[in-house]
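These are the structures in question, set out in turn.
Next come two complexes, and both contain chain A; in the first it sits with chain B, in the second with chain C.
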Partner chain A sequence: MTDQIIQVSELSVVFETLEGRYSALNNVDITINESEVVGLVGESGCGKSTLALAIMGLLPRPPAKVISGSIMFSGTNLLRYNEKQMEEVRGTGISMIFQEPLTSLNPLFTIGDQLSETIRIKMQRHNEHDARDERKVRAEVVDWLKRVDLADPESAMERYPHEWSGGMRQRVMIAMALAAKPALMLADEPTSALDVTTQAQILRLVKSLVQEVKASVLFISHDLAVVAQIADRVAVMYAGMVMEEAPVNEIFENPLHPYTQSLMSAFPKETGVRKTRLETIPGSVPNLARIPTGCPFHPRCKFVKQQCSTARPELRETSPGHKVACVIYNQ
Partner chain B sequence: MSIDRKEIALTLDVLRRDRLAIGGIAVVTLFILTSIAVLIFGNSLVPYDPTVVNISAAFQPPSIQHLFGTDNLGRDIFSRCVVAAPIDAEIGFSIVLVSVLIGGIVGSWAGYVGGKVDELLMRITDIFIAVPTLVLAVAVGVALGPGIEHVIEANLVGWWPVYARLARAGALSLKESQFIEAAKVAGLARFKIIIRHIIPNNISPILVYATLDIGNAILYASVLSYLGMGAQPPQAEWGRMVFDGQVYLTNAWWMSILPGLVIFTVALGFNLFGDGLRDTLDPRYRK
Partner chain C sequence: MSNIDLLRLENIVRYFSAKGAMFYSESGVLETGSTIHAVDGVTLKIERNSSLGIVGESGCGKTTLARTILMLIKPTSGKLYFEGREITNLSYGELAKIRPNLQMIFQDPFSSLDPRMRAKAIIAEPLRVVTKDREKITERVREVFEQVGLSADQLNRFPNEFSGGQRQRIAIARALATKPKLVILDEPTSALDASTQAQILNLLLDIQEQYEVSYIFISHNVSVVRHMSDRIAVMYLGKIVEEGPVDELLRKPKHPYTAALISSIPKPNPKTRGEMVEIRGETPSPVNPPSGCRYHPRCPYATELCSKTEPQPQEVENHHLVACHYPLNA
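So, the complex of A and B:
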């Protein structure tokens, strides 16, 4: 578990618009090890998706601009790659699934057509001579449709996206993301648009398939319950900064950062009748054009101290594997 | 790319419910079949030789013998209208098809790639839009001599930019769609994304516009022929016939009016067909 698949260090991204400069990522450090699932949690607009797009090299530029940092993937800094080189990384190196399975497939082509596109890319890049062999490609498509638990894959291939439900389409997207055997898969809220029962099935599926192809995963979600089910390690983001990072059990049993604690208490407990009102975090996520000075969370924090508004806390390890960015733990 | 049989059946079903579109399809079909028939059988298809002059039969009004009457040289106008069909079909279809090809590729490319490429391609497109087609056509006609090919070439200059704009608009909105993003993260190269995802999804609005447009192209070419730039006598062409007849409008109205009606009918047919096609491809009309 020590081989690093990807190492994002001190990554800062801003969006320069006519209304001002939005700081979307602020010195973000995240490392994902081999065969590890890292959950990335945070409220809407905290920069989770920006991070995923930055890794993919798909930030809309302009307005987005990387102002510092590096993204090391298999020995090279992806930020130095041009579009052509990034194309080579996408799919077989890093792949991605999205929140909206309903719109992630081209409405004009069959499921089989679209899945075989990915498989052909993989075969070409791995110099397999089968890429032109329609039967081999087809066989692999059927195999992948089986793996994502779609009934009757032979006829499923001939289906068009509109004939399928969101859950089924998300299964196809997962097959497409993993069929090229990537080292890393980015999952940007892949279950948020699905109902709860489908969500559970999809999560189980992702978990088992990822182990099968030995891919690492960056799993983005705003839902702590989802992350608890799938992640090995969790990073909590707020206003473009990583506030806390710890193994999954640790972060649920012993959340250190006041923001993480607030997130936990804002979350309904699994058992018992609710006797008290659910807690909410006072205030709202800061506008990224006007992030508070010092710790971005200080205006909403219960334990705010004087230095919080001036000094930006660094992410520090308090116990092995548990990092937190808060002055309370710096003494 | 495989086209679903069910999809085609559905399309035909929606079209069937639209009476005007059926009228349009009938006219368009008749026009195309006539053109093909003339190409195969030539002048033997029509009751009178369209080019033979017979002064003694000049200026006959429409009758059973001469459905559309005869012109100042005694030629049967109906026969001339029929043999002119393939020429007008050639003009209409080739102007629009070439425009769809050039405009579709330029527009899809510009819209999807964006940035400087987009800027450059669209400014070039703007230059072509700024060219006054009619004046250019006349100039080409004077420089190269009148002829159908020159009418087509001259028209193309100002014709394709509309398609480039249409395709660009489509590509711009498609570019933001999730399945394009998904294709990117799957590692598909930019060129392939344009070919496999942008252009196929861009086709239906362009196709509808093109169908509407064939009528316009024929009209436009007729205008040029009317100005003396297109088909040359004794070759029959609808616009030219309207032109030839206008001198005799007061005493032989059929010479101009009836070929004019033919142009009108064909243009209207394409318009109705295009309208129907648009409604058909609109998802709101489907279940």
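So, the complex of A and C:
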């Protein structure tokens, strides 16, 4: 048995607003093992980012409210932590990178300043007594900028975020997220704002650095192709629920849930006949304030059965490692 | 008449002066008051009832080219012909007569629709240029509204009452209202979810079949462009480096940049891992584009010739043009 880094069980989160109660996560179970990259896919509003923020303890409360569940990380339930304890986990325990690196970096400080803050905190927490030794901090900053393939790190340190391209800024974010050697990195659409050529560079970088520091990753994306390239295991979310979960090869070869199947056929195929009509999913993603009863996908599902509108299917294992929440597979 | 191309671009150039703006050149030197070479000599033609895809990374000049084709910005030099007639130097009034034929659909349906206008007013706006007849306008608005898959009882709604996909349908209706001959689509599905994207792409294909409209489909998503287009043009730093029939160009790219661009696209198949080839380095600034072939500093096959002489587009196979001294797969 491999070691579990984080175990999210039966997590439900709602947003209580003046317009109503939005149920963002509904009984979500997700486990990430040591040195594993788990891809989390789904369309916008399915709860992918809410899950990441919940793990980080960054949900805006109010309006967000955790109504049930637990997030077990190195033996303790993170949901029981107060802000000060959570602060200790962030960075050295769990770190996060976001879609738009420009909004995650402070425009008033140089890249070097921002990266050295992370490194200083790491040194303090790991009781490396040289946290105030500026030369050691600086050397590590330069080392990390080199590791993320930034040319001329000495002068790069002195630059401000706006002077850099999106790809370069995302490299710095990755350096900041991994410099403190966290056990888990949450990556929320880290390449969605980048060009394909830059995306290819960033994906390779994430893959190799994660192996180097032995971190596990929760890789959130709406792009199945990106997830296919980086994840070991994939979970598909819809309307706050995990619909299917399987090892990466398995889910692409043998997608079981009707939603996963539709999602895969909605993308134009590389070898398909041009200008043929693509398979579409009728309707649109449900409003989280009015999630359909039973299976949330049933109004759009082509295999819908009578019980789908009443009973919410549970995530069940159909073959080793392959779990699906659909009544078709319950027999 | 039918053998005249719908639209022809002859050596279109568009520079922007960057007075007061600051740029870092490749060597990290701050430069001011320079010229941005956004589009630098583009020759293209678009046939009737066909689709041309334009791909390239951000900043390569795709959107500037689109705006120039619509004469929203005047080209610095070069000529633009619509149905054989030069439109580059037409007066504003003369252009207004041609404009209903040329329409555009933008990427973000949240910013391209006026939040204070009702759906019917948004779609009626371009029609008011063509006719003053209110009844005709109302009738046409209703007609296109239903054609794009919206129901007539939603005509009085404001944009915020529609979802992203529905908004893009309104934008499509607005573009189609004047029965254009050419529609430029600038990343029309990048802001949409996968399931909505498929619906919009299908709609665009239906419309093309029915109305014989030509598309210029601009996107950084090569698989979407492949699906929608007959021909593809690949842009790099303001120039078209390769142009040809979709399948041939994607299967046997002749330009090293095209080859690299194609191989950096992730495929939805975990078995293709490790096949992605990456281009080293960053795209140079369009303020000071490299001498000779603009791709030479990043090209693995570059020689001295590439850094000195700019390659001209040459036909390597039937209707397949490439601007490279050493084309691949030749």
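Following the convention adopted for this analysis, the second predicted complex is superposed on the first by the 327 of 331 C-alpha atoms of A that agree within 3 Å, B and C clash if a C-alpha of one lies under 4 Å from a C-alpha of the other, contacts with A are read in each partner's own complex, and residues count from 1 in each chain.
Note that in this section a contact is a pair of C-beta atoms (placed from the backbone, for glycine too) under 8 Å apart; a residue touches a chain by one contact, two chains touch by 3 or more.
Quantities reported herein were computed from a predicted structural model and do not represent experimental measurements.
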Touching partner for A:Val141 - first (chain B), second (chain C), both, neither: neither
Which of chain B and chain C A:Val38 touches, first, second, both or neither: neither
First, second, both or neither for A:Ser262, with chain B first and chain C second: second
Which superposed partner A:Thr92 touches (first chain B, second chain C, both, neither): first
First (chain B), second (chain C), both or neither touched by A:Leu150: neither
Per-residue contact with chain A, leading partner among chain C and chain B: C
Touching partner for A:Thr103 - first (chain B), second (chain C), both, neither: first
Which superposed partner A:Ile71 touches (first chain B, second chain C, both, neither): neither
Partner chain in contact with A:Ile121 - chain B first, chain C second, else both or neither: first
Those residues of chain A which chain B touches in one complex and chain C touches in the other: none
Chain B partner contacts - residues on chain A that touch it in the complex: 56, 58, 83, 87-92, 94-96, 98, 100, 103-110, 113, 117-118, 121, 125, 160, 173, 176-177, 180, 186
Interface residues, chain C side, partner chain A - complex: 24, 28, 57-58, 163, 165, 193-199, 201-202, 205-206, 220, 222-224, 226-229, 246-247, 260-261, 264-273, 276-279, 282
Parts of chain B lying in touch with chain A, wherever the complex brings them together: 1-2, 4, 177-179, 181-190, 196-197, 200-201
Sites on chain A touched by chain C in the complex: 43-44, 152, 155, 163, 165, 167-168, 195-201, 203-204, 222-226, 228-229, 231, 248-249, 252, 262-264, 266-270, 272, 274-275, 277-281, 284-285
